[in-house]
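The two complexes that follow have chain A in common; it is paired with chain B in the first and with chain C in the second.
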Partner chain A sequence: MEERMSTSASCLEGHAALVAEAEALWKDYSLTSVREWKKESGGIAIGYMPVYVPRELLWAQNALPVGILGGGDDLEIIRGDAYYQSYICHIPRSTIELGLNGSLDCLDGVLFPATCDVIRNLSGMWKMQFPDKLVRYLDVPQDFDPAMGGAFYRHELQEITESLPGIGGRSYDEDALRTAIQVYNESRQAVADLYDLRRREPWKIPTHELYVLLRAGMVLPPEEHTTMLRAYETAVSDDESRRPMDQARVLITGSFCEQPPLGLIKTLERAGCYIVDDDFVQVHRWIVGDIPVDGDPLGNLVTAYLENSIESPIRYIDDGVKGQGLVERVEHYGAEGVLFCAPSFCDPALLDQPMAVKAVEDAGIPWTAFKYSENSGQFQVIREQAGTFADSIKLWSGE
Partner chain B sequence: MANDARTNVSKDLSQERQKRMIAEHFSKLARAPDEGRACAYTFVPGNLTELLNSFDVLPVLPEINALQSGMRGKSRDYIGLAEKLGHSEDVCTYVKCDLGMLKSGNIGPTGERLPDPNLLLLSYTGCFTFLKWFEILGQEYDCPVVMLHVPYQGDGKITNSMRKYVVDQLRNKVIPQLEEISGQPYDEDRLKEMLARSAQAEDDLVYVLESAKNKPSPIDAYFGGVYYIGPIFTAFRGTQDAVEYYRELRAEVEERVKLGKGPITPEGEMEEEKYRVVVEGPPNWTSFRQFWKMFSDEGAVVVASSYTKVGGVYDDGFRHDPSRPLESLADYCMGCYTNLNLPSRVDMLVRYVEDYQADGFLINSVKSCNSFSAGQLMILREVENRTGRPGGFVESDLVDPRYFSASNIKNRLESYFQMIDQKRERGRKSGQGD
Partner chain C sequence: MTAGERQQSPEFLTTAGIDVGSAAIKVAIVQGDGNGDETMLAGVTQRLRRRDPLPVTEDALEEALEKAGVRRDELDYIATTGEGEIVTFRTGHFYGMTTHARGGLFLDPEIRAIVDIGALHARAVLIDDRAKVLGYRMTSQCASGSGQFLENISRYLGVTIAEIGPLSKDADEPEKCSSICAVLAETDVINMVSRGISIPNILKGIHLSMAGRYFRLLTSTKAEGAVMVTGGLAMDIGLVAALREIVEEQGANLDVRTHPDSVLAGAIGAALWGGFRARKLKKAGLSFSSGSDS
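Coming up: the complex of A and B.
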């Protein structure tokens, strides 16, 4: 697998080729690269739905974590619509479609984290539809006391580790988990560095490119993905042809599960926005910073979840102040405005939004809001809205 | 639980008692601030009524207020107000109805103002929206919020780890918070007495629900059922009033069985039971009576429903157990219907269709509720396949009248009942051929 990557990497010329490769990996819904990896490595592949699962745990047992983020705007929904009413978001119907059309056959199991009731219920549907596969609902704690939520979560993780050998994964091994944590620390750092570079020089990293690279991480083994990200970072840093433009710096929030179509991201950029922070493909950034490698590795995963997760609509706020994390991100990333950009019918995002809007308004930050579906094809209205928003920000900051 | 749609009939003792209980509860709530009595807002699924009552803390159930607003024709304006304040048209209308009510003075169903909460007891059971709902209310009130995370039965069972997690939270978070707001220490003996009364009432409730196995069924287990579950799902589980209510109700139902009577409907007693159906999903509240009439006019009786299990599943044998008070509260929470995974829900519905000898199975899919609705189309197919009986599907909403299309639903129901007729006819013919 290393060989495949290095061979292809040596053929790559600059960021355009990297982005093209990443896009090809993402758009290959039949998961050819995952099938090849399985054949070469003898490992298993475990899918996971948004937003967060501890991928380290899987990787440590020779299970390739494969992110399932729906079928976007590429997939024709033939049977998926017969599974969902019109008032339910789009991602579960494209996910079912991918399951039914055989695209996900190479997955030995799927994890459904406790993101919302739709994903929760999809776990049961998957159990009924694919009775021969490993299907697990991963209940993440909403109590953050190590002795209560922590103990419960640890048990959940242990159950996952115990379920993998039965389907071809390796047995749980502490050292292997330490190594996997290190591998994902490097992956997180590579992602964080790109976000940081985009923060400083957003003209160097258009979000429609960054996004595609993040998507490649849904199917690539983590080391290969990190290599890809680093190569891209070098390539764009060296590209002097990318010069600043007069764009408004915006932060996007609400798109943590069902993903916006790439066309929407491009539309926002063309409408005059530099996206300087977002919550796309958020599994890469759910844990902030490194997870310690020393000591009890399972305990370290638990602590990281309890203490170092980002603020999210799907995570109970507990003692925190609602929206504060968002406002801090706006400041850190130097955003001049916020785009609330949620999928239609997304309960967590839309129920959260009024509270987040209040926090943003209280902090005097301009904002606007719109909804999308992963298969939206028309962006004219959003383009006008975002264009007006960007113009007003520029006008305002120019005053 | 609901305003009474059974207007044309003389009231039974149990009905009178329930009315009185509700009126007294709301009047206690109205007096609570003056009397210095604490109240906690909480949810129906996974409610901890006995525990609250053991501290003399009064429960307020925003879902019930929302459905009452729906029945009283207030929900349209409340929802409109919440949407004007920035809440999305896409999300659960219970939340918006509650917020609209709050912003309009928080006047409860009896016309009295509801007290502000001393505690928001976020029993996070079977529904993601609960979490957001109380985060939103947390911004409106200056009071503590306590989160009780109730794990989901993803694998269709309750493990020791799940139980321990809930009990630990009860012991270390919920109880100390109740001690704080009530000024009373935790009294486990008192709690045990209440749990023993809960179990008594639960026995009688199960008798009532299972009476629908008779032909004709003496009750409607959906439209009528929402009244029967009222006391036990809300502020009264564990009280003597609830024990008596269920004893009376049981006696009344026993009497109906003895006399071979059908259920009481909005138009009086049902003369002939033509169709027996199992229903999945909550009812619509804004046109509750009209919706019920669409069934009763056709001679259709709902013999079992999943909605009457949202605040607790008892017909599988579970009872609150005074010998293990906190553990049994934990098991209760984890056992509520929407906390069951989809295969378990299918199993339950299949069992209902078979045990209650239903002619078919019908889903009322409500727009508001992903917890119920996501996956219902698959449930429909599974239940149909496994029972061989026809499934039907209608769509509405809980309290948003914009999503109740009477003509559409009526048409669908009529064709559904015709489908049952045809199936019977075919069955009869093939039976003759044998």
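Coming up: the complex of A and C.
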């Protein structure tokens, strides 16, 4: 990474160079950096779809976890549309396009977590299209009793550990998993520190920069990514030219799977919003806090999932308390309003939205809602909506 | 109280509003006490004429500050509107509807709706007596309802923008043209010229066609009573007259008004909302000073 960064740094400095570097990594859909890592390390690469997989498990067996978050607004869909009806979200069609055009051929396997029916369906298609690769649907428990859901989830994870040596990964080793857990604890802490800095001083960390950095974490080895995040944190903390503006503090929710185009994030910021919390690239923040490294590491991963994962539409939560986590986040991040920003046809986000809306309304929090697709190119309507929403917060909130 | 006394009084805040339009930059310097005693110290309009908007904005702000006799570091808030997101030294930004509503109400406290007609679009906004936006309707992306379209037509006809309004008022037999599509309307105009239709009649026909769109926007917002025309085309007396004619023809309960400073409504509104926010932030113990860079 140092070599790559020094090239960029020749024309850009500090955080700008880091952001440019991160964006180049993200936009390289043919995964050059992953191919290079495989060559240098002799390891394997395992792709994973949103929202969450236990990356520690892969890293412990010398498998680089590679996040697949669709083709965004860069990819022309030629074959992908033939696989999905028009009333299905966009991410599966761009993902299958990436698979069919060879961009993902360096991946030795792909994990499809239980996010929704579309992702489950995509795992079946992947099996048929790429019979020589490891394809695994990662079922996750919706029963959080350790004896029931915990035992089930442990079994799922064990099957993954057993499948990796057959395709070139190392055998499962408890110490290696402990080390990997520690590596990802540091990664999570670096992400959490940036979110905390943005909460306190959102003008220091524009979300369109933070987002790009998070995307780089989809392809970089975790230690390199943590180094990048820490370097960015130092650079922006030292940048006194970034001064506060009078903007509305908003929280974005609903974008946990198919990601919004960068232009949409920039549009929201230009429309007068400071985004102080979001659910973009959520794998980085799915587990809250550190996972213990002592004791049974596999058991620790299971317990973290059961007890320390965030509230999400893809995780079972009783109707009575649904939205409570969102309201708590609004309070913690000092948000003045909520933007429900979900991909079109995203069942988990849109089916949960009425309950979440009720929770924020009951708490007296202003909100507005709109939809996007990962390849949306026109934001004028959203700009107007977000702009007037920001104005209404600044001028009329508290009435 | 004189401007100088106001400047010294802690009750009064001095703010700048910058409306970055697609054809012109408008700047207003305003002083107010937050209780209705508000004065515009200076207003400046500079046409862009294909220049980079940022240096023009800097220049317009300096000109307005000089006119107002205010130093830049004495400003309590620099508010932008329109495409003002590009202005890096702003304290805050407000959306166009919000600022035109506030500016319109400042210019005429009786109005309860505005029609903002800019270079690229038009919108009707229904407001209450505090300038809170209650509803709005905008023209679609079609250019035929906009100032840019009128500017193009003036070039075909060989008249200046300033001549459009007075010429239109001289019409005796306006020639109707397409109100749907700018491309078709331009073709209409070229045909009219070759058919020997007089320039006043062509312009009046275009004004009536555009005014018809604004009237539909207004009625769809359920506006009633006094309506202020704001934005760059508020100074086009032919267009305002055409809108009044349509209102009368339709028997609508609308009183179409304009003001010599209507073109500055967005900038005035931004400056006034800036003052409102500066007070609110001060009360909350926060201060977001404007940057000095450009």
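One rule holds in what follows: the second predicted complex is superposed on the first by the 381 of 399 C-alpha atoms of A that agree within 3 Å, B and C clash if a C-alpha of one lies under 4 Å from a C-alpha of the other, contacts with A are read in each partner's own complex, and residues count from 1 in each chain.
As a convention for this text, a residue touches a chain if its C-beta (ideal position, glycine included) is under 8 Å from a C-beta of that chain, and two chains touch if they have at least 3 such contacts.
Keep in mind it's a predicted model, so treat the numbers as computed, not measured.
> Just chain B (first), just chain C (second), both, or neither: which does A:D246 touch?
It touches chain C, and chain B stays clear.
> If you tally the residues of chain A touched by each partner, is the higher count for chain B or for chain C?
The partner with more contacted residues on chain A is B.
> Looking at the overlay, does A:D352 come into contact with chain B only (first), chain C only (second), both, or neither?
first
> Of the partners chain B and chain C, which touch A:R35 in the superposed model: first, second, both, neither?
A:R35 sits against neither chain B nor chain C.
> Can A:D391 be said to touch chain B (first), chain C (second), both, or neither?
In the superposed model, A:D391 contacts chain C only, not chain B.
> When the two structures are overlaid on chain A, which partner does A:R170 contact: first (chain B), second (chain C), both, or neither?
Neither partner.
> Between chain B (first) and chain C (second), which does A:R270 come into contact with in this model arrangement: first, second, both, or neither?
A:R270 sits against chain C, while chain B stays out of touch.
> Please indicate which partner A:R230 is in contact with in the superposed arrangement: first for chain B, second for chain C, both, or neither.
neither
> Identify the overlap between the chain B-contacting and the chain C-contacting residues of chain A.
none
> Quick check: in the complex, which residue numbers of chain A touch chain C?
Within the complex, chain A touches chain C at residues 241, 243-247, 270-272, 384, 387-388, 390-391, 394-396.
> Of all residues in chain C, which touch chain A in the complex?
On the chain C side, the touching residues are 77, 85, 90-95, 97-98, 132-133, 273, 276-277, 280-281, 288-289, 291, 293.
> Could you pull out which chain A residues touch chain B in their complex?
These residues of chain A touch chain B: 82-85, 87-88, 92, 112, 114, 116-118, 120-125, 127-129, 136-139, 141-143, 145, 147-149, 151-152, 155-156, 313-314, 316-318, 322, 344-348, 350-355, 357-358, 371.
> Please name which positions on chain B make contact with chain A in the complex.
85-88, 90-92, 95, 122, 124, 127-129, 131-133, 135-136, 138-139, 147, 149, 151-152, 154-155, 159, 161-162, 164-165, 168-169, 172-173, 341-346, 365, 367, 370-371, 373-378, 382, 395
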